[in-house]
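Going in written order, the chains are labelled A, B, C and D, and every chain counts its residues from 1.
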Amino acid sequence: MLQIKDISKSFEKFLALSNLSFDVPEGKITALIGPNGAGKSTLFNIISGHLRPEKGKIVLKNKDITGLSPHIISSLGIGRTFQIPSLFPKLTVKENIMAAYIVRNGKTFKFFGIDRKSEMAADSIIDKMNLSEVSNTPVTSCSYGVGKELEIAMAMATNPKLLLMDEPTAGIPKTEVGNIIEKIKLLCELEHITVFFTEHDISFVLSIASKIVVLNQGELIFEGVPKEAMESSDVKEIYLGKDA
Amino acid sequence: MDLSIVASYLLIGISRGMFYFVLAAGLTLILGVLKIINFAHGSLYMLGAFFMYTFIGIAGQGTGAFFLSAVMAAITVGFISFIIEQMLLKHLYGKEHLMQMLLTYSLVLIFGDSVEMIWGTDYYTVAMPKLLSGSYHIFGTYISKFYLLFLISGLLTVVLLWLYMYKTKLGKIARAVATNRSMVEALGINADATFMYAFVIGGVLAGLGGAIASPAVNITSQMGDSIIIKVFLVVIVGGLGNIWGSLIAAIIFGISESFGVLIFPRFEIAFPFAIAAIVLILKPRGILSK
Amino acid sequence: MKFNRKVYILLILIAAALTAPLVLDSYSILVLSEIFVTALFALSLNLVLGYGGMLQFHQAVFLGVSAYSYSLFVLHSGSFIIGIVLGPAVAVIFGTVMGVFLVRLSGIYFGMLTIALGQLVWAVVFKWYSFTGGGNGIPSVPLPGFLSTSTERYEATLIIFLISAFALYKIVNSPFGLLLKATGQNNTRAESISVNTKVVRLTGIVLSSFFAGISGISYVIYSQSVSPDILYWKNSAEILVACLVGGIYTFAGPIVGSAVIILITTIASQYMEYIAFVLGIILLVSVLFMPDGIVGFIKKRIGDGIAANKRYQ
Amino acid sequence: MLSVKEIDVCYGKAQALFNVSIHVKKEETVLLLGRNGVGKSTLLKSIIGLLPPAKGSIFFNGQRISGKKVYRIANDGIAYVPQEREIFSDLTVEDNLAIAEHKTQDGRWSIDKVYQLFEPLKKMRKRLGGNLSGGEQQMLSIGRALMTNPTFIMLDEPTEGLAPLIVKMLEEQINRLKESGIGILLAEQNLSSALKIGDRVYLMEKGSICYESSTKDLMKNRDILNRYLGIG
């Protein structure tokens, strides 16, 4: 699905990513983990077109997408959710979702009237995601948890083939994590969306991912199935230190 | 073109640029440290000129009286800035930029009319002090001595500001606040106090600008309106909050205006705007940006 | 039912405005005209300011070039209709050319470039004596025959305002309007749902300049003269103030803001000459106590009231 | 010396800490352990006042400090070395130290003393903070915090991303600080270096404290080590 080929990126003198290569397999859930500063966000920003790599290629289904602008990459089928919900704060929950549909339906330059198709599509997603109670509430007045779910709903609305999720459970209480897991599984299994996500919560990663990629200081130190990751001494070392 | 004419226009341009710098330095200091776009800077400049007029009325026409009045005018405007900061701006730190900007714009309106209430609607002028009247014969042409005042005030501002920013603890703190306010506070330093100093210093410079310009302009309640926009653009062309960038931009503006008079006299006033537009299109973060 | 009541109130207001010349004296009619011209001008700005999230500080340029284009054209050729079309068309050309450069910037840099471009246009108009009349402007601009009485001119400004406001209302609530708001609130996010934000912002600027151009025609009908002052940055600043005092996050805000400012300054001017002072105090108070503007403030009050009532029930 | 009582902390609407309580006794070195993202940095920021708690309170030397302004808390004797170091990049090394200087009656720290502790800094006193390497920035950040003459210092992952040689040097210097009698709260995910100097340990997971013991007891408890810090 997505191939990361030999990507390098540095900020001034600091090398954020060096010669990074791996694949994200189609139709599965892949996790990207690593300590702070490992380069996870940098990699996401490169894939989504918000940053340019110095070296290397990003290939989506045999198409080189390196260096394309964010809105084009998005229209090629790469959706994205943000760690801290990044929404349209003054619009309602429904309007947030509708915005994504309007672009998809090619109604960007419809200056009069409304787009019924988008409205209906938004309503159906709101139903699926159990958000109907807050449908007409402006996002500023919604809880953080709703924001996180809306992130996923909006990503669904763009109809992505591949969804990049930046820490989908960060900042929400443990009790709500299960809810988010369910929704991500729903995305992958029912909507056939490939999911590639970063996460701190290892137990969550193990319960959901079928492939794990571990970064440390910009370098790939592990790539494989979760079970092997648990046993890898390299992985243990960055989390536990040499002596442990 | 005669080389001596070019040289003399260059000198005039630099002097004008130095005058713009006196105003721009205060504005960029406030922008850099407080992150506030202060529309009222032009009003403070105007107040400086009016106080100059009043103080000279008291102190008399001598050269000494002229400089004493200028210093007094600058201090008075500094005091008014102190009151503005303590009574109004203080409550808007951390709020939307648009709101802060709007508050300073409301002061433009209030000061404009307040000045008319106090001084009336007449045009005032301040006589040129003896020391500065007349001309020097340089490069085969005559240059008004008055430009020397601009040049010296500008240089003085450069030196004093440099001393403040780089040699005093307060100035160093101000530079630190400009880049990372919360870390400054985490070191036990009250950043609000730094804001107050920066705003007052900015005010003093605006007042000084008004005072030294007073012999060369008609003193009216609108005199700040056109200059504030030009000074804004100097600040932005120099790069937000970059004092040395402002110095370079101010000199570029001064020179472009003085040569504008020479080359294309009718549209001389358009030159700084055109330069600012070009710089913003090519290098939006200012001429010194990478 | 509530929606219907709103429409009725609106219809009554419109009917009252249309028949106002029958009961009001000519001075009041002139003041009302000024309100309609200013309100349309403010609405045009708010499309980019409130909805598009762009700090456009040079709105007066579009009003000005439109008013000048009309005036200069009818003075030289005499065709009113072409003049009326030409005004907004020239405004759109200015909007498009400036917009192409502007959409590459954001925030304060955007704002500063608008100031530079705006002042550049002003300086040219101000100094080009042979073409624009320079600082004097054009003291008397001919109008078509059907706009010869003050009542006719009043009705014209009113109708232009109503049609334009209706169109703007539709645009704000259209699919495009939604994307413009989205882009204004979170540009990065808009990109990540495939919005070409630069094109959306540019379209917003062009539409805004078009309606500002229409308000320029309206302005000439109201004042029958043009001067470089109408392009000066202070005129742009004042319309920005009108939007903010009324509230930029509501459609009615700029209309209410313009009306309040014009009414208060008009009334104040009968007792004192310090209008700017009064305006400054209004602005100061609204910044400190009504940061969401008059309409935003009232809406919030009503909203709180409803919430409070619900709690007691 | 420091006691944090049942605090909740939020970033806007996101809750980052849930009912957290810790305490640090005089002259004690306490470790705050856990993987990244569990809320260690948030807790330190909350103590210094950058993120005031939404619920609960924080006491320092018996005095309530939660709700006070950041600079007042710092003036009470708490120093903070943030994870990102947050060096003033436009200021020289020496100026970074100079502006932090806070003279107290028994003030022990001066610019020269900091140079003694971190010798490499002296050579680059005129260099801009922004032009330092990661390790040098870390030394400067600690040195700058010491210039406030604190009685208690909080360090957020001081060895993160540094070369082993520099890590070793920093460990030595932190040990020297500990010997000088200053209270230390050290947030770490690198266990091997932290366990050498800590007296007591708090373990964090998803915004809460999940384990508390002496350092020795933790070392014996492989189960806890693996569950909260390991990968399995």
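Quick note on the criterion: a residue touches a chain if its C-beta (ideal position, glycine included) is under 8 Å from a C-beta of that chain, and two chains touch if they have at least 3 such contacts.
Computed from a prediction, not measured in an experiment: that's the story for all the values here.
Peer 1: Can you name the chains that touch chain A as well as chain D?
Peer 2: Neighbours common to chain A and chain D are absent.
Peer 1: Taking a step as a move to a touching chain, how many steps at least join chain B to chain C?
Peer 2: Each step joins two touching chains, and the minimum needed here is 1.
Peer 1: When I count C-beta pairs in contact, which pair ends up with more: B-D or A-C?
Peer 2: A-C is joined by more C-beta pairs in contact.
Peer 1: Farthest from chain D in C-alpha centre terms, which chain would that be?
Peer 2: Of all chains, C has its centre farthest from that of chain D.
Peer 1: Cα centroid separation between chain A and chain B, in whole Å?
Peer 2: Measuring from centre to centre gives 49 Å for this pair.
Peer 1: Determine the centre-to-centre distance between chain B and chain D, using the mean Cα coordinates as centres, and give it in whole Å.
Peer 2: Computed from C-alpha means, the inter-chain centre distance equals 44 Å.
Peer 1: Give, as an integer number of Å, the spacing between the C-alpha centres of chain D and chain C.
Peer 2: The answer is 54 Å.
Peer 1: Can you work out the whole-Å distance between the CA centroids of chain A and chain C?
Peer 2: One centre to the other, that is 41 Å.
Peer 1: Could you list each pair of chains that touch one another?
Peer 2: A-C, A-D, B-C, B-D
Peer 1: Where on chain C does chain B make contact in their complex?
Peer 2: 55, 101, 104-105, 108-109, 112-113, 115-117, 119-120, 123-124, 126-128, 233-234, 237, 241, 244, 273-277, 279-281, 283-284, 287-288, 291
Peer 1: Could you pull out which chain D residues touch chain B in their complex?
Peer 2: 48-50, 69-71, 74-75, 79-80, 82, 86, 88-91, 95-96, 98-100, 102, 144-145, 147-148
Peer 1: Which chain A residues qualify as touching chain D in the complex?
Peer 2: 13-14, 35-37, 84, 143-144, 147, 167, 170-174, 200-202, 217, 229-232, 235-236, 239-244
Peer 1: Where on chain A is chain C touching in the complex?
Peer 2: 48, 50, 69-71, 74-75, 79-80, 82, 86-91, 95-96, 98-100, 102-104, 107-115, 118, 154, 157-158
Peer 1: With touch defined as at the start, can you tell me which chain D residues reach chain A in the complex?
Peer 2: It comes out as residues 11-16, 18, 35-38, 83, 133-134, 157, 160-161, 189-193, 195, 206-207, 225, 229-232.
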